[in-house]
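Down below are the structures I want you to see.
Next, two complexes with chain A in common: one pairs it with chain B, the other with chain C.
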Partner chain A sequence: MANVTSTAAPERLQLLRVLGPAHVWALGVGIVLVGEYMGWNFSVGKGGMIAGLVACWVAGLLYTCVAMIDSEVTSTVAAAGGQYAQAKHIVGPLMAFNVGLFLVMAYTMLEAANAITVGFLLDTVAGMLGHSGLNQKPFIILAVMFLAWLNYRGVLATLTFNLVITAIAFVSIIVLFLSVQFGGSAVPLDFSAITSDPLPYGWVGIVAALHFGLWYYLGIEGTCQAAEEVRSPARSLPYGTMAGIMTLLIAATLTWYVCSGLVPWEYLGQAGTPLFDAARVTGSTGLMMLLFVGTTFATLASANGCINDASRAWFSMGRDRYLPSWFGAVHPTYRTPYRSIVFLVPIALIFALGAPLDQVVTFSILSGLLGYTFMTFNMVMFRKKWPLDTIKRGYVHPFHPIPALLLLILCATAYVAVFLGYGTQLIAMMCFYIIASLWFHFWRYRFVKRGDQFTMPWPRPNGY
Partner chain B sequence: MDIWNILEYAAWALSALFGALMLIDLVKVDTTFDNDLLTSSREGEIEATAERHTI
Partner chain C sequence: MAYKPPTQSLTGQIFDVFVLLVLTVGALYIPLYMGLAGAAKTPQPIANPTWEALGQNATEQQQWAALGITDPAAANDIITARFDYSFSWIALIVMAVFVIGYFVMVVRLSDREYREVIEERFGPKR
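Moving on, here comes the complex of A and B:
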């Protein structure tokens, strides 16, 4: 049992501790669930139905490792910034700066991709209703502005909103599955392609499919960013994160099952909105409407969670002077990192309005992958420097170091998969982070108050 | 002009409104409160004041 002591706090503006495990679940699953509604299906296009399923489960294994590792470290390093704060305490400042950038880039790009998708969805609906040539820009901007304003006004309302719309989006997938399973579809499930055309592009198709298999789960690690705003970090974070990955494993498998059974794989591999298309195939207007609502809500929930997470990471770096300290401000009424939220709005809009969707998504995935790679040696160093009997953990993940090693192997495979399709972007991204690291090392680090950045009341690490 | 054109204009207007609400409030807060107070948040306050890592 931990000794719980209270002391009179000095007059400081802190983020509010108002969130529970359900909000953590909503943050993690909310960011990710859009991947079930779109994007994952390109894995089927790359390698066929079996490759799509293998990608779904291999990526699921990868992210289960991510969730377990994150749960253990975050239940101990309970600070806004999530993996950034972990890197700062466990590895060092340069790694922390890079991890912070990975987080901000991954979430801001994903936010931009979601905003683009909102515009695309409305354009699709307008087209179906006879209006061609919808100007998507005002709707893209509105999505970003509204969600940024919501985030600005307070974290409790933001994540309660996410909880409601994420739950509706998840239930929509369950309802589609049950309807199809119990005869609610005009077209029966057909899995004959599994035997007639099992691997149309051979085994390399499975590797290529893995890139898009990440879409099912990309962003679940975002739960860590709520660490400073949950009432009980050691309990809520592992609980919300693990419940989140279980939800996603169920949703991903059901999504593959329903879509692959209803939509021919050749079409599914190119579809823009696979779950919505599967609902259209059933011939049920009710299911169509439900899945359209689910698609829209999943997209908004993802953008909402991304604004929350990117701003926390940016705020944490500002608070530690890794970036100008101006960004480390907390709103006196709403207790949100309001300057970081506002600052990231135009950046998201530049990408949403000026870059193609696949490029934006690829940059997001690449930044995410770099973050997962960091997690592997972060976990090993954490257990080595602070073994289990030295500090209290809210959650201890089993089978260490197998999850970390498995994660590293899967990350390496995913790099190969990304390089096959987007080699130029991978190299461009690496160059960006190298230049940013040089800037931090040779210029910015002089402004950091070195003693102040290590805040966790831990004992001296082993070997120091 | 059909409903979609009207929605486009409404979206522009609402975007401007939400943007203005944030910016006006940001300026108001920044000119009302001392910057030292606004940036007084410290990581680890929660751990230091509420829980200690002892087993």
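Moving on, here comes the complex of A and C:
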């Protein structure tokens, strides 16, 4: 178990170990379930209905690989920061700095996307009630500020809150599906576009759709961000992550089915709140209210988890001096990384208040995608530097290296998918990470204590 | 002999945070703000649109109505908007070079740093 206090400052405050497998599930699914409530439907816009479904399942395969790989490494490197701590021990400080940034950017952009959705949803409902033209900005700011405050106050309350609202959001999808199946909709399901216009962009649309197909599951790897706050990480993290991916595969397929049947694909492909729109089409006030609550809870749960995860990654980098050490402080009363939580609020607000949803989502997806690419060679290096008989692992994933190779192929396909339609953003994001990497290596790294970057009680890695 | 990093002043810490903020906003937000990045999806509206001409059957028309759009002209842009997926192979290769080059650079520079970490933690290589 990582004990960061052992090498530098024994009296330093540590994060509290209070979380169980259900909290891990809630953290993972809570962040991700919003992907069923918004964003995934842009995959239908990029390729049509069939492409949207194929993207849903191919992305599910990609995330199964991610969950398998992540469970092994995280159950062994159980330290706050998740993949960041893994990169530090397995690849090196610069990679860790980049992985930390991937996590922070992916979660902060997701948080911004959630806030945009809250504002959009309230505007839609206000319009339905005859008050169109609602100013969304105060609600966006309020949502981000409230959740940041909740995170500031403590992780247990935060994730218990997440557990409850995530469960309600998940049940809402199930209720909508069952209601529609058993005649609860005034307008019937219609899948005629599958035969009349099956692939509006041809086969290239299927590849392009994978871009937003990732949104169904993006963030599930966040389960390991709270590794230092989990009571039994070797058991809870793999269990919570695997249960989370299964939950999401079911929810994603149900979501595609209901939305594609109730909403014309051209509308669905650009909708801000697809599940709520599907509920509107049913004509049932009860379902509309339920999906309004579900969308609100899913976005709040996700934003809440994002603040939790992004701040842990930022905190970890501050503690290791990859960023100014001021960020590495723990609140004396609440035992939370309070400075990191507060610092990331304005960054989320800049994008939530000033950028379109699909582009904020794309930034989040791109950072996630870079992180998944890292996982492929990280896994291979982990097994090479410490073969199975050299250190005890909490979980050993089967069929190595097939999941890593498959993940690499799917990541490469996903880059092409983003390139189709959003190539400029891809280049902008790569420029950001290249400049940040050079800044770290040639400037910031001088403040880093070399020996402190390896805290696990492992033997010397093979080849070093 | 363990490496002793210099102590960074408060001003230096603030400057470093400022650099990261400028980098984030400059590289990611400014291109969006200036309209240089984003989706290449453009509407190709048809003249005198009807639901039939827009390819919408009776059930889909009910769905549009439930979503608050009863006039086909209002749905014209949404239904006819399409991405342009034509691309040059050179642009695709440039993208691949960016992504692969980035990872190669990061892994190589990381390895250099990692060797220092391992040497300090475990001692010189035997």
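One rule holds in what follows: the second predicted complex is superposed on the first by the 454 of 464 C-alpha atoms of A that agree within 3 Å, B and C clash if a C-alpha of one lies under 4 Å from a C-alpha of the other, contacts with A are read in each partner's own complex, and residues count from 1 in each chain.
Going forward, a residue touches a chain if its C-beta (ideal position, glycine included) is under 8 Å from a C-beta of that chain, and two chains touch if they have at least 3 such contacts.
Just so it is clear, the structure is predicted and the values come from calculations on it, not from any experiment.
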Partner chain in contact with A:457 - chain B first, chain C second, else both or neither: first
Touching partner for A:233 - first (chain B), second (chain C), both, neither: first
First (chain B), second (chain C), both or neither touched by A:142: first
Touching partner for A:326 - first (chain B), second (chain C), both, neither: both
Touched partner set for A:152, first chain B, second chain C, both or neither: first
Doubly contacted residues of chain A, that is, touched by chain B and again by chain C: 325-326, 453
Chain A-touching residues of chain B, taken from the complex the two chains share: 2-4, 7-9, 11-12, 14-15, 18-19, 21-23, 25-26, 29, 33, 35, 37-55
Residues of chain A touching chain C in the complex: 45-46, 91-96, 98, 105, 128, 186-188, 190, 192-193, 196-197, 200-201, 204-205, 208, 262-264, 266-267, 270, 277, 280-283, 321, 323-326, 343, 347, 350-351, 354-356, 358-359, 363, 373-374, 377, 415-416, 419-437, 439, 441, 444-451, 453-454, 460-461, 464
In the complex with chain B, residue positions of chain A that touch it: 2-7, 9, 11-15, 17, 76, 78-81, 85, 126, 131, 134-135, 138-139, 141-142, 145-146, 148-149, 152, 228, 233-234, 316, 319-320, 325-326, 328-333, 338-339, 341-342, 345, 389, 391-392, 452-453, 455-458
Chain C to chain A touching residues, read off their complex: 2-3, 5-6, 8, 10, 12-14, 16-17, 19-21, 23-25, 27-29, 31-33, 36-41, 55-57, 59-60, 62-64, 66-69, 75, 78-79, 81-85, 87, 91-92, 95-96, 98-99, 102-103, 105-107, 109-122, 125
